Amino acid sequence: MKGRDHRLDSALGIAYSWISMLLMAAVCLFILVTVARYGAGKLSLEFLITEPGASAVDIEGGGILTPLIGTVLLTMLGMLAALPFSLATAVYICFYARPGALLTLVETAVDILAGVPTVVIALFSLSIFVLPQFGFLSAMIETDGDGGGMAYGRSFLVCAVTMAIMILPFVTKSIIESLRSVPGSYIDGAFALGAGKWRVVAQIALRCARPGIVTGTVLGMGRIVGDTAIVWFALGGTLRMTGVQPWYMPENWISTLRNTGSTLTTYIYYTSPAGEGNSFDTAFGASLVLIGMIILLNAAAALVGRAWGGGNGQDAG
Amino acid sequence: MKLRTLQKLPALLAAAALALTAAPAAYAADISLKIDGASVKPAIAPIIDNGTTLVPLRFISENLGAEVSWDQASSKATIKSAGYTVVFAIGSKSYTVNGQSKTLLAAPQNVGGSTMVPIRAFAESIGAEVAYSSATHTASIDYFTTMDGTLKLTGSTTLQPIAQAAADKLAAINSGLSISVAGGGSGTGINDTIAGTNNLGMSSRELTAEESSQISPFAVASDGIAIITHPSNSVKSLTKAQAADIFLGKIKNWKDVGGANAPILVQTRETGSGTRSTLEEMLLAKESVVATATPHNSSQLIKQAVAKDVNAIGFDSIGFVDSSVSAVSLDGVAASAASVKSGSYAMGRSLFLLSKSAPTGNAAKFIDYLRTAGCQKDIVEKEGYISID
Amino acid sequence: MAGASIVVIALIFVFVFYKAAPVIGASGVGLALSGGFDTQVSKAFYAPAGSPTPAFGMLGLIAGTALSCGISTLCASVMGIGAAVTVCEFCGRRGAAFFIAVVRLLAAIPSVVFGLIGLIVVVPLVERLFITVDMQIEYLDYFQMTGRNLLSSVVVLSFMIAPTVVSLSADAIAAVPDSLRETGYAFGMGHFRVIWKIVLPSARPGVIAGVLLGAGRGTGEAIAVSMVCGGIGVIPSAGFGLMNLLAPTLPLSAAIINKSEAMGSGHVAGALFSCAALLLVLGALFSLTARVVSRGFGPGGSGGGIKA
């Protein structure tokens, strides 16, 4: 009697586990198929290298050149801004900090920052980067009359800094984890050979943790690529690049960075029925490109991780 | 347009009189005219009088985005652009720019019903550059091609695509010009303008008395707000009072306005939308749309919500109304461009650019550019709005 | 440089609360205990500049956050723990690698794509399956029943939260030593019984941390929810019973996106910063609790898990 019950329990339990996993896999597949089915028709070289139409009426005809570049640009800049701080924080926590109030404070700050919703970070950026002290990141407002003197507060640079704030804790945590998984024997061995602390950190620990650092970097980049709320508030939500034209000329790059633009995510929001553009297949076309980018990014990270291999670190789970 | 033809009548008579009494000015039929690099051909060719080239005032003004009004009694033409007010008098060599008196080399005159003014004096008085090539007999006015620096616009998402299209065109003909057009809604546009965090604001609602004491509006397009229902809804017309009661939540069933026994599902735009503000101001006496109404973030979304539900009612710019929804008539007046222009439709509105101080430089030119005949036709009307004139 | 996080988090608290202070001050406890946010935003938006800060009531928004996030965290936990068990225990090395890839992909799909799919697939489906004209008439005085409602938000959110739960749970389950499992088998327990009675309890801190971080993600998710939630902060009522699920909702985070058009008004901006302040506190609570819980589990448990 009891034995049968156990078998039934077991069958139900296994069924429940599999149904859960398969349901998630099915939803994932469904999303990919839906995006591909509606978006594939849009996909062409022309779609990738044409600027978006100026407005809702001719959005159909336009492509995703500037949103695509916006996404790449923000990802690079955001990561560049975050990585040094993340590395420093992780190295400090793992090697330099003594247990005590300061370490707890740093760790707690990282944890709290990780829990701040992106939409809150977006509002924060809107409140701080309009201060004239941050005018160099966007542009000062030129007005003849009074009331000027504030910064515009929305630009690629502002958005990149905001993105860096968003990913800082995730990249930091991921690097900490990979540093902690470096076998202690390596580090002790290095110390035994008389290497200075900084040498050990730089040459042994950071080198061994490279795959994990790459994974962490990609994790952060993925978050930037996928974020909408911060872009919506901090980049201004204009479809085009709005710096000095033509924006792609090197002498205008700084102006481009200090002005507004869009990314694939805000472009999707704009072209979805929720935005003014309302071009169903354009939204799905851009979604397809976006998801393709994310898959490529992850695949590249996996390859780099494998090439530097060593087996220590991120895939242990 | 109708108005314009009527205005021309006295000018025509005056011209006929002039032709009988005065010696005709020297004609130079082969003078060609370029505005911003493009050859243009006015119906009346430029003439040369006393060594000065005279061009048709209204034609030039339209191309520079200025508005001309004609006062018959004093035979004075007043030209208003965003930054300048210029007054010419037929037959008089003195004219005023922003109230300051100046003197012309040749007096304005009437030719074939058109007021002709000296090209250099006029163009330079509103800030354009003029060049004359005697080799090719070409007079060139450069106004919208001489812009550089930056311009920031924020505000109404209704106006955003219009402004962006204009910004694109201007950026294409001006290297070194950077125009940024960001949304945020009319409220943002107005407040940014008051606070000075933009160069021009965009608003799709009228300013309140307090707001207009601080900033000035410049109409660049008109629009009407249509009340939309599902095409198969049998209710095709409402009185203003009925429409107001529906949006205030006092009438809840279609049978109360002559339709089927079905709930009225009110759709609205989010707070901050200029379209919603206008509806609340013009139809609901500044009261809020019923709190249970489903709010939508865009004019597309509200239209789709109405298009897929036979019991829904919403509102949208006339320009957005297509076959997926039907616009009900208000007090018997159909929602159309014509009824908005004539003023007979209850919910017409203007779309404004806003400036804190009197606009100069890029801001003035941007406003003027949107007001040119070309932009009104190629941008405003193409985007589904109603041109101003 | 290691202090950057401290500086940034301090600045975030200072700026958000500074901007929210007038509204919090004017509203007092009513901010959390009364409703009417939608109407108040409309009124504040039209209020002349210079008028005193009005009081706002965010009960509907708080309830919306609690319900949408609570129910979807529940669904995501049930689903996520099952999926984690499958990955770790039932499908072999290759299967696990495949399913982990699937979970990572699901975690990496941007929220705006979830929102897009939600708007185009989930919303019409919910409307067709659950809502009739008679129900619409019956509830018209309280709210409009459309496909954009609490249920749609829960469906979309569940699948956004689940990957976080799977990741951390799978890490924790994999870290349970085999010796514990073998003890179970030695007592004659079946495979699932071992999992249920021994593995999951041992992995509990990691699983709970996953659920808390998932809940944190659910609370802060803005774009996707704003596209499917219906946009009105209806206060749930016991009298509506299950119909509460079909009422529109407006969680705090979605409110910031939806009402951002009205931010030109300083009072509305203050109200939205108050939403942000609440979210900030909630988010901090979730991640700190997750940290405390997983600390009990060991040094490896506090990280981002396999969610690379």
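The chains carry the letters A, B and C, assigned in the order they are written, with residues numbered from 1 in each.
Methods note: a contact is a pair of C-beta atoms (placed from the backbone, for glycine too) under 8 Å apart; a residue touches a chain by one contact, two chains touch by 3 or more.
Small disclaimer: the values here were computed from a predicted structure and weren't measured.
Each of B-C and A-C has its own count of C-beta contacts, and the greater count is at A-C. Chain centroids computed from C-alpha atoms place A closest to the centre of all protein C-alpha atoms shown. Between the Cα centres of chain B and chain C there is a gap of 46 Å. Note on chain placement: the centre of chain A and the centre of chain C lie 20 Å apart, centres being C-alpha means. Each of the following residues of chain A touches two or more other chains: 273-274.
Contacts with at least two other chains are made by residues 226, 260 of chain C.
In chain B, the residues that touch at least two other chains are 157, 194, 297.
If you check the complex, the residues on chain A that touch chain C are 6-7, 9-10, 13-14, 16-21, 23-25, 27-28, 31-32, 34-35, 84-85, 88-89, 91-93, 96-97, 105-106, 108-121, 123-124, 127-128, 165, 168-170, 172-174, 176-177, 180, 215-216, 218-219, 222, 225-229, 232-233, 265-266, 268-269, 272-274, 280, 283-284, 287, 290-291, 294-295, 298, 301, 314-315, 317. Across the interface of their complex, chain A is touched by residues 1-6, 8-9, 11-12, 15-16, 18-19, 78-83, 85-87, 89-91, 99, 102-106, 108-117, 119-121, 159, 162-163, 166, 170-171, 174-175, 189-193, 195-196, 213, 216, 219-223, 226-227, 253, 256-257, 260, 272-273, 276, 279-280, 283-288, 290-291, 299-300, 302-308 of chain C.
For chain C in complex with chain B, the residues that touch the partner chain are 36, 38-39, 41-43, 45-46, 48-49, 133, 136-137, 140-144, 146, 148, 226, 230-232, 248, 258-266, 268.
On the chain B side of its complex with chain C, the touching residues are 157, 184-192, 194, 208, 210-211, 252-253, 262-266, 270-273, 277, 286, 288, 291-297, 305, 309, 311. Residues of chain A that touch chain B in their complex: 54-57, 130, 139, 141-150, 152-154, 236-240, 242-246, 255, 259-260, 273-278.
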